[in-house]
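The block underneath contains the structure these notes are about, expressed in structure tokens.
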């Protein structure tokens, strides 16, 4: 049984590698490398897999899962610049893939080991990623 | 190859355990334990996995799958109170997890054993569950 | 210039008239008259029309509008039984139309008279209403 | 008869007034005033009202409307920082209201005077504005 | 008070004028003029404006409105070729605008004169029209 | 790590078997067998699974994936009649299942063998299929 909680945050970011020229960054990352940043409404789907507790009928209390997501993920990234404000992305390009990985690693530490965890991050109506851990 | 049929029903429910005090029910289930019930528009996604029939090009005729879902699931739960009207939830808290399990068990009996079955139930825009069977 | 804030609440309700027989209620209101209630995820769109404040660039601060909606509407109706728990619907059938009217009347008192107000209430994916005041 | 074309762009922005202190900006604009910007997936709905051309059956050829929106609006704002990269917002706070106004003024010049124009801008799942012109 | 019922139908169509050459049709209608048709999932939003009946709390019983839409509109156009199967479009290009107009004229005859009627037709995620009558 | 690109196309189709009578086709395929075709807005979700490139932070550059989908799939099927215009469906009923299979086979040839590929095709709001390859 898997349960899912959906939350959103809005952030600015830019894709580029410091050691590359502007031309190379533009060639590889296109408009996403524009120097003054752009931004997205990111949509998270946090999936937790486990057994149903026969007393409550819950796999995990979604109020608790929600609080973890809000305090550990949304509060850090919402209305922030992922490149400048968020040390989690120091040296890491804030692609949707890396956002999913960072969110997964944050939440993995907060959840009991008995739960499996998957993180889906949607960046636009056309692009999303799903990470099930390493 | 997996095919999916989406159907909806609207129902009232309440989460609580009779043997617990009101305080304990409120502490565990929060607003979901309010005594006079609340309700949701539930969205089902019924996924059936199998081989494509080379004659029809169907895994399963979705008209048939739809009829099974409507007669066996929607007719029972739509515009009902899951706690009071539905014996399927006698002694079982109608959490989204348990709704998915009950729907899965109902549909499992109706489908040929050659098909795999998964049931997704969405309770709100933020909460959903997926059950693949025991 | 019109601005819109979207909020949701989940409630149980039942459509019926006390002075009518069960048969008449069923004939007029169909499944919506089932005695033990059913429920919906209601989606509100609150539209406020006014001039842009040249200092802030806002018609109305949506954080303030959100707080009014949450404290005056959502806190009253969310996870409640509209028929049993909400005196606003005493003697009034909680149809989507009447919910829109009640919400409009609540919010009208909270907003400066310089603003126009419209309330949209969506009950299901197929049914919604829009009320612009009397 | 009104026709609508939907397009999207992704941009960074920040709400603040230069002449105000950081404290006042935070008090008025909240998280939206964070100094390093955040961002959104903006959704435009461009509504054009007019008569149906009896030859084509179109009010306006949506391919032409689309091209105008893409070249005059999306190319300017997509993957940009509205505060830093877009002279249209010099001295104007890039609130959703002002974005709608700026887009309306851009498009108004491109469209034949026989058409009425409305611009809806959605900033998040919860916030949107509609501008019908002055 | 306005109420809205949403229904869908799936149809094939083609935009072209018989008296024009293939080149001219392609120049004006683009891919929409391809000779063997293409198709869409059309989404109707039927808005009816009127007074709330104080007995029922309804502007119009949406079950009745639904039946009218299904029997008079959906049954005629669903899983049909608008150009070949539907006499309503004889000599009329089945653009979204003309579909809205045809649907409005069909429904106008079915509804009591005390009601105002608006018809929205969505052809794709990016294109829709709204018709309020002549 | 899986990444997803969403694209759409609009096409006409018809489900039937030439060697069957009209009656048998109607009995098996219902309205989908109507002789003059109907159509849909098809929504593709193309999922590609692989490792994150540590330099770019991408599993696959979605601009490249998008170009492959547009040139190899959308250009072939968009605004076409799947039965008459598309040799890929010669002798194959263009059911959603077979569309997913055909799209998967087209894209499989275009993608590096190191990637896993899944194709989801949505035909209507209620019906979709997912194909993970043979």
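Residue numbering begins at 1 within each chain, and the chains themselves are lettered A, B, C, D, E and F in the order written.
Here, a contact is a pair of C-beta atoms (placed from the backbone, for glycine too) under 8 Å apart; a residue touches a chain by one contact, two chains touch by 3 or more.
Not measured: the values here are computed from a predicted model.
Peer 1: Taking shared residue numbers divided by all residue numbers at the interface, is the value for chain B and chain C over half (same) or under half (different)?
Peer 2: same
Peer 1: Expressed in ° and rounded to a multiple of 5, what is the rotation angle of the C-alpha superposition of chain A on chain F?
Peer 2: An angle of 120 degrees brings one copy onto the other.
Peer 1: What's the distance between the Cα centroids of chain B and chain E, rounded to whole Å?
Peer 2: About 34 Å, centre to centre.
Peer 1: Express in whole angstrom the distance between the two chain centres, defined as the mean CA positions of chain A and chain D.
Peer 2: Each chain reduced to its C-alpha mean, chain A and chain D end up 27 Å apart.
Peer 1: So how far apart, in whole Å, are chain C and chain F when each is placed at the average of its C-alpha atoms?
Peer 2: Spacing between the chain centres: roughly 41 Å.
Peer 1: Residue numbers in chain B touching 2 or more other chains?
Peer 2: Only 125 qualify.
Peer 1: Where do chains touch, given as pairs?
Peer 2: A-B, A-D, A-F, B-C, B-F, C-D, C-E, D-E, E-F
Peer 1: Quick check on the complex: what are the chain B residues that touch chain F?
Peer 2: Residues of chain B touching chain F: 1-7, 47, 52, 55-59, 61-63, 66.
Peer 1: If you look only at chain D, which of its residues touch chain C in the complex?
Peer 2: Touching chain C from chain D are residues 15, 17, 28-30, 92-98, 100-101, 125-131.
Peer 1: Under the touch definition given earlier, write down the residues of chain D that touch chain A in their complex.
Peer 2: My answer: residues 8, 10-13, 31-32, 34, 36-41, 78-81, 84-85, 124-125.
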